[in-house]
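The chains carry the letters A, B, C, D, E, F, G and H, assigned in the order they are written, with residues numbered from 1 in each.
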Amino acid sequence: MRGEFKLDFERGARIGLDEALFCENKTVDQIAAIVEAVKAKTGRLLLTRLDPSKHEALLARHVSELEFDPLSRTAILGMPHAELRTPPVAIVMAGTSDLPAGREAARTFVFAGQAYREYTDVGVAGLWRLLERIDEIRSSPVVIVAAGMDAALVSVVGGLISGAVIALPTSVGYGVARGGETALRAALASCAPGITVVNIDNGYGAASAALRISRAIAASQNAPERIRATAKAGPN
Amino acid sequence: MRGEFKLDFERGARIGLDEALFCENKTVDQIAAIVEAVKAKTGRLLLTRLDPSKHEALLARHVSELEFDPLSRTAILGMPHAELRTPPVAIVMAGTSDLPAGREAARTFVFAGQAYREYTDVGVAGLWRLLERIDEIRSSPVVIVAAGMDAALVSVVGGLISGAVIALPTSVGYGVARGGETALRAALASCAPGITVVNIDNGYGAASAALRISRAIAASQNAPERIRATAKAGPN
Amino acid sequence: MRGEFKLDFERGARIGLDEALFCENKTVDQIAAIVEAVKAKTGRLLLTRLDPSKHEALLARHVSELEFDPLSRTAILGMPHAELRTPPVAIVMAGTSDLPAGREAARTFVFAGQAYREYTDVGVAGLWRLLERIDEIRSSPVVIVAAGMDAALVSVVGGLISGAVIALPTSVGYGVARGGETALRAALASCAPGITVVNIDNGYGAASAALRISRAIAASQNAPERIRATAKAGPN
Amino acid sequence: MRGEFKLDFERGARIGLDEALFCENKTVDQIAAIVEAVKAKTGRLLLTRLDPSKHEALLARHVSELEFDPLSRTAILGMPHAELRTPPVAIVMAGTSDLPAGREAARTFVFAGQAYREYTDVGVAGLWRLLERIDEIRSSPVVIVAAGMDAALVSVVGGLISGAVIALPTSVGYGVARGGETALRAALASCAPGITVVNIDNGYGAASAALRISRAIAASQNAPERIRATAKAGPN
Amino acid sequence: MRGEFKLDFERGARIGLDEALFCENKTVDQIAAIVEAVKAKTGRLLLTRLDPSKHEALLARHVSELEFDPLSRTAILGMPHAELRTPPVAIVMAGTSDLPAGREAARTFVFAGQAYREYTDVGVAGLWRLLERIDEIRSSPVVIVAAGMDAALVSVVGGLISGAVIALPTSVGYGVARGGETALRAALASCAPGITVVNIDNGYGAASAALRISRAIAASQNAPERIRATAKAGPN
Amino acid sequence: MRGEFKLDFERGARIGLDEALFCENKTVDQIAAIVEAVKAKTGRLLLTRLDPSKHEALLARHVSELEFDPLSRTAILGMPHAELRTPPVAIVMAGTSDLPAGREAARTFVFAGQAYREYTDVGVAGLWRLLERIDEIRSSPVVIVAAGMDAALVSVVGGLISGAVIALPTSVGYGVARGGETALRAALASCAPGITVVNIDNGYGAASAALRISRAIAASQNAPERIRATAKAGPN
Amino acid sequence: MRGEFKLDFERGARIGLDEALFCENKTVDQIAAIVEAVKAKTGRLLLTRLDPSKHEALLARHVSELEFDPLSRTAILGMPHAELRTPPVAIVMAGTSDLPAGREAARTFVFAGQAYREYTDVGVAGLWRLLERIDEIRSSPVVIVAAGMDAALVSVVGGLISGAVIALPTSVGYGVARGGETALRAALASCAPGITVVNIDNGYGAASAALRISRAIAASQNAPERIRATAKAGPN
Amino acid sequence: MRGEFKLDFERGARIGLDEALFCENKTVDQIAAIVEAVKAKTGRLLLTRLDPSKHEALLARHVSELEFDPLSRTAILGMPHAELRTPPVAIVMAGTSDLPAGREAARTFVFAGQAYREYTDVGVAGLWRLLERIDEIRSSPVVIVAAGMDAALVSVVGGLISGAVIALPTSVGYGVARGGETALRAALASCAPGITVVNIDNGYGAASAALRISRAIAASQNAPERIRATAKAGPN
């Protein structure tokens, strides 16, 4: 394994997001070697898509410092980052089956020091459950909406709040749900304007997108005097 | 053209629905010949997918008895059927662009003598427009929901009413909407239970399905004494 | 698990259909917790897509009140609903392999108190088997047709009866059958008018759709004096 | 255009089928040049997918020997082949809209000297139209079934006759019919055994396949003494 | 299981092909019950897609009369049919990996009493292996070509022989081969005229199609005096 | 047309974005009627996907108040909104062919009073053109990246900047580019973390998403004292 | 148009290939502006996908220096590059309909000063046409194979020659050929080893790939003494 | 197994590439039989897609001469070929997960005697890692780029170097990555000119394509006097 990987330790400095270790296509040998390399450098790593069986195998070879969460299949090595001074992100989930994806986002926030709130079982088949909580959700400047099947929740939330909405389609469903493809396409075709979308089940990606926005908000708070730039306008 | 088509004049008697003439894959010659044949028999025909240009061509060759509606691209030959004694069907449309499909359903009802009510521009991006009218919609035993893009309206309506819901996905949208494919799949994957779905832009099919239900209701009203059949129950 | 789910106990009142528990994307922990919560409230639940292995695991942790059917992978908690005073629904199945989907519909009827009749092995490759039984099938106001592969049975039944037809495409087949996708598309493109369709293998959904119609029929029987509403007609 | 094409004049001798000229992707210049080249050699050619506008353009440049049929978009140059001494092939078409594809097959038979019979408007939505004619259809050793939408006719015919069945899916339909893709897949997934399938709208291909079989039958009639070969049977 | 299936014992008489038992979507219980039912009637059955593990389970419950072939996953109950007096069918396979599909066809011929010859490893990447054997292949009036990946063998064989060609696309390959979908589409789009195609890996279907043709040839040999029918020609 | 549409004039108040008029699926009659209705109310409207031919037709019927831009196919009715006090959004376009989509975003900003900067022809095939301008791009808190074909620019930009990145896949390309589908999927599968994506060619949607973020930043600047909410942390 | 594009004049120096102007998604205004800009710099440009109607429009506004070829829809501005001292590339085309794609490759060679030879109508349906010319084709170190439909020619050529093979799938065909998608997938799944593939109808891309190889050969001829580098071998 | 396979021992002589044994669709019995046959002939074989479990099974039946590499799932029987006198091929891999595919290419080079260099973890999310090594990469006349997800690395490398670029899309990723399909399509739609592509995860194919080019270079070095052939130029 020596020399077969090269970590991007400068990513945090460059784009404000640490590189996370996506474990699905990697062998236990590769994961263990990378964890060792990180321990010798920054000592801090988020691991995603870590199957419980792989976690078992890591424990068996004495890679035991990982704080593991089986529902989201994530592990955290080392101490999370210091808390960011940004408002909490809302994570809205249509049903219980959407928890793994939503929780992956939550764990990314834990690692990054970002506050968040979770809202579960608010799918549109029972619209009132959502409407009861919409005012609280609306208070977050950034909202992640995790939903599978037809992802109708995305459009409903998008039509009710003015903050940034990041749709997180999940692979929940069967048949025409096609592993999240229908939820993904429905979110992209949403009738509510200004919805953005990430890959299916990509809780880490949704959280990373939220962190990019949170940082922009935080930077702006630190520099409220930032002068509005004059743009050379377009077509004329 | 002689001998090249054979109409199914017994369909009305057999399944309660007349054969309609789907004009999209037919030449003007074929349509004219079929209209002539019908005039010599029942004198009554619904034509669907009749492009205005084809209607012009029919007029040019003196096929002038058609009552034509350009928005739905339908034409009616002869007198509509006598009014059915059934409650009105609700036709709920997400936006103005869904009118052609919804109107094709309405025209099928006109031809069949079925009462109906139309509800337009009640898409979920502006949820309150729907909620204001939901009680009236709920009073119809059968509701057609025409929506394109992500078809989120289907799930929202399906979660709010107890009657039969027939989703009519439309080809409204672009990109990932893929000509109605996303709306279709979203409707089939709906998180609201008991939704049924017809082909994209198939207003005639949605109306025909509603007519099958309306007839069953009417038949039941005429025979309230129908004794509840005893079923030999399932798995054992 | 505390606080991670919120059941919709009002759904029955709102749309006449209880919420069912779809078990496929849920862990045994989640299912057990939800069953406990239901026992403390209504005491009645239909579970679908419950793998025998998950049922075993539930038994192992003393969740033993479930009445389980392995063929349909359904379980019923508590007493079924009182029998509805509606005519039986026909469940027509093309072949033996379509039984799991058709039986899921049947089990939903058992839970809901709806009468039904099953017809098996009546696929169109042996057309006479169907024609021998078509008169009996025709006597049901609502017919579910479960078929995989090319789903040709859907069109044949749809062309022979006047009642409501709900196509239930199944994942039976291989190669181009693509897990039921071909059956689904064929049913949606059916040459018989007024066919409606539900998601692949969605026996619960087909039954829920039938229940919506049965209720409309029952409501109408109770109120035969319902005056035919006058509709404000469409395009003119 | 000189030197830019090379016709396969030996194909007839090699596989018993002349090369036909598929005109869809060719310019009028290319078609005219090829027709001239054929006239200088065998003098006999079948042209398929020849749009009326291209035929007009050919006439305008004095390519006038073509016997043109606009419905099937075919043209025949020169005299058809001598009549084959084989039984007629049945061409069964679900609806009027399937005529162009079925007629392309018929025209191929005209060119090849093969007898045939056409059966139109026998789709399964009106099953009795088919059943009335099935005995006559059954008398042909080879049957082509042209159908679009859900192509249910293919399975029904395949379950009723013992001869060779060649499914010719057509692009009739819209939405999920997806240009004949659904008819194609349904025919390939047919529940009736031993159905074979050709490309969408490929009437020429269906006829060519029928001609291969007809020739085998004719060859066999000429050599009834052909001794049954002993096969080295399969898995040892 | 009682009453849950209805076999089509008349299929042999009706279309000349016995019903085969497709085991993939059936439980061991269902298969055992059907085998018992057949033993009590005709005593003869072909089983396809029978996994070795299911065969083991059948043996464990004393269903031991099956003659099983693991490579093709087929089993034969009872004596095969009497040998047909037809020339052998050629089964041409591109590579070793295509043997399971090709062998399923061979086993169907064994069951039906049809002679056949197998040709393996004649893929076009080594064209000369095919050309060396093409004259022998050409002597069969019906040729099955089993090939996966790009199925180029289908077009090459189709361009070299005049008999009936049935393409049997196989699921051999990975990535863009997409489980045989590419081979299927390539065979359907073949540049050689008159190729017909069956479903992916459907060796039973390819053999059934060949049997339909063989029977037509045999019938014709028995009735060489069959008078050439006069066809009412098409478009004029 | 009377009564056939219902505009959502409250959307601006509710989610901070006015409803725009998507003209693609609407007739000239419908557009004219809606413009009239808006003039009678707020007097301000953004029209998207307005073909030049439809604009001509509008002019012909004296709907002449529209400020039209043919490249982006947008028109603005009335005065744009007052300038927002937010930093400019960067619109980065891979090539000249991506201008229509990028310009639609720019026009949305013009209408909304949002400052922006355009960067054209910075595709990765000539990487240095991008690297020369990356520092300026990086100064925007929100960056829209418009790219078709393989959309590689999205990942490259996402790996170089820390702000919010909204990918706007365009339909530029042919063959496998499949109308923007490949660009869309590539953007969603981006190896750079935290990228969000909107529908193909949806410049209006990308701009709307940027406006949601800009507003959150502006709100935060106005309330720097907003206390960091304490979140009830995730999995335990 | 000023400032809206930025040409990559250094591309020739950097990767040995000039930037070509892909005209399909560009307006006539944009093309004219770019041609003017190039005339003021290098004076040399290859334009691809230039529709005859756009070429007419360019002539109408006095952009008359283009040497236009309608079959390949290419135009050349200025003098081609000096002839390269490399062996000719073979362009093998299955049929007449593949000429536009193959000719686009040829025109790219004309512009680049690369020798080439064209071989037309050598599709595998008439295998001997190819075999007669294979020795000449084999003498080229780089061979482009343009084929649509099933692209079987790619595998056949790939199995017969040892040089580099670049498959150029074309959009020739209909139905399952799906605009070249089947040819593309078949070429990628080819059973002949070491075939590479470019986008559908991308004659320019195929030629560019050939030029990359030709240059490597030429560079090697100029430096035959290039010492074989010692590679640090793989897996250990 | 006797007689069921026929190896192509002449392939090496014919196209310069030995036949490799693709093990995925083959049984252990088939693999063992083929290895024995090869040992009796050339004694040299490359095996690809050999699962560790199949390798175990081969060892268990004393097929022990294979040199096995589990990461690439390849095995080599006998001595590799003599080293070719060609410059090393560069194998550039985006991330650790792309190693199996890239290593399969490397192992093919080991077997063929071709020098190579590996570059790992140079994906574009951390662009500088690539730019640091690009000069060394550029020195190879042939470069394989292995990348999954969005395959953006392919375009970036293609825009920076002038040598032949062979894209090797990998199945790394999830959701929209669809098993490498997105990487494949992105590589084919690359905005950098002259990129060629092989099947997903086809390391053997990428290496074979590189070997075809390497041989052409070597042949040219041996015959620098090869006179530039005069081509009969295309369209005029």
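We take it that contacts are C-beta pairs under 8 Å (C-beta built on N, C-alpha and C of every residue); 3 or more make two chains touch, one makes a residue touch a chain.
Keep in mind that this is a model prediction, so the values were computed, not measured.
Chains touching both chain A and chain H: F. Common neighbours of chain B and chain D (chains touching each): C. Because chain E and chain G carry the same sequence, their contact can be compared by residue number, and over half of the numbers here are used by both.
Matched by residue number, over half of the contacts between the chains of D-G recur in the interface of A-H, chosen from B-C, E-G or A-H.
Centroid to centroid, with C-alpha atoms defining each point, chain A and chain F lie 23 Å apart.
Distance between chain E and chain H, defined via averaged C-alpha coordinates, is recorded as 36 Å. Once the centre of each chain is set as its mean CA position, chain C and chain G turn out to be 56 Å apart.
Counting only residues that touch two or more partner chains, chain C has 19, 71, 95, 125-126, 158-160, 171, 173, 175-177, 181, 184, 188-189, 192-193, 199.
Here the touching chains pair up as A-B, A-C, A-F, A-H, B-C, B-D, B-F, C-D, C-E, D-E, D-G, E-G, E-H, F-G, F-H, G-H. On the chain D side of its complex with chain B, the touching residues are 71, 95-97, 99, 120-122, 125-126, 128-129, 148, 171-177. Partner chain B is touched in their complex by these residues of chain F: 3-8, 10-11, 14, 19, 22, 24-27, 30, 34, 49, 171, 179-181, 184, 199-202.
Looking at the complex, you find that chain A touches chain B at residues 94-95, 123-127, 149-152, 154-156, 158-160, 173, 175-178, 182-183, 185-193.
By the touch criterion stated above, chain E contacts chain D in their complex at residues 14-17, 19-20, 69, 71-72, 83, 85-88, 103, 106-107, 109-110, 115-118, 141-142, 158-166, 184, 188-189, 192-199, 204-205, 207-213, 215-217, 219-221, 224, 226, 228-235.
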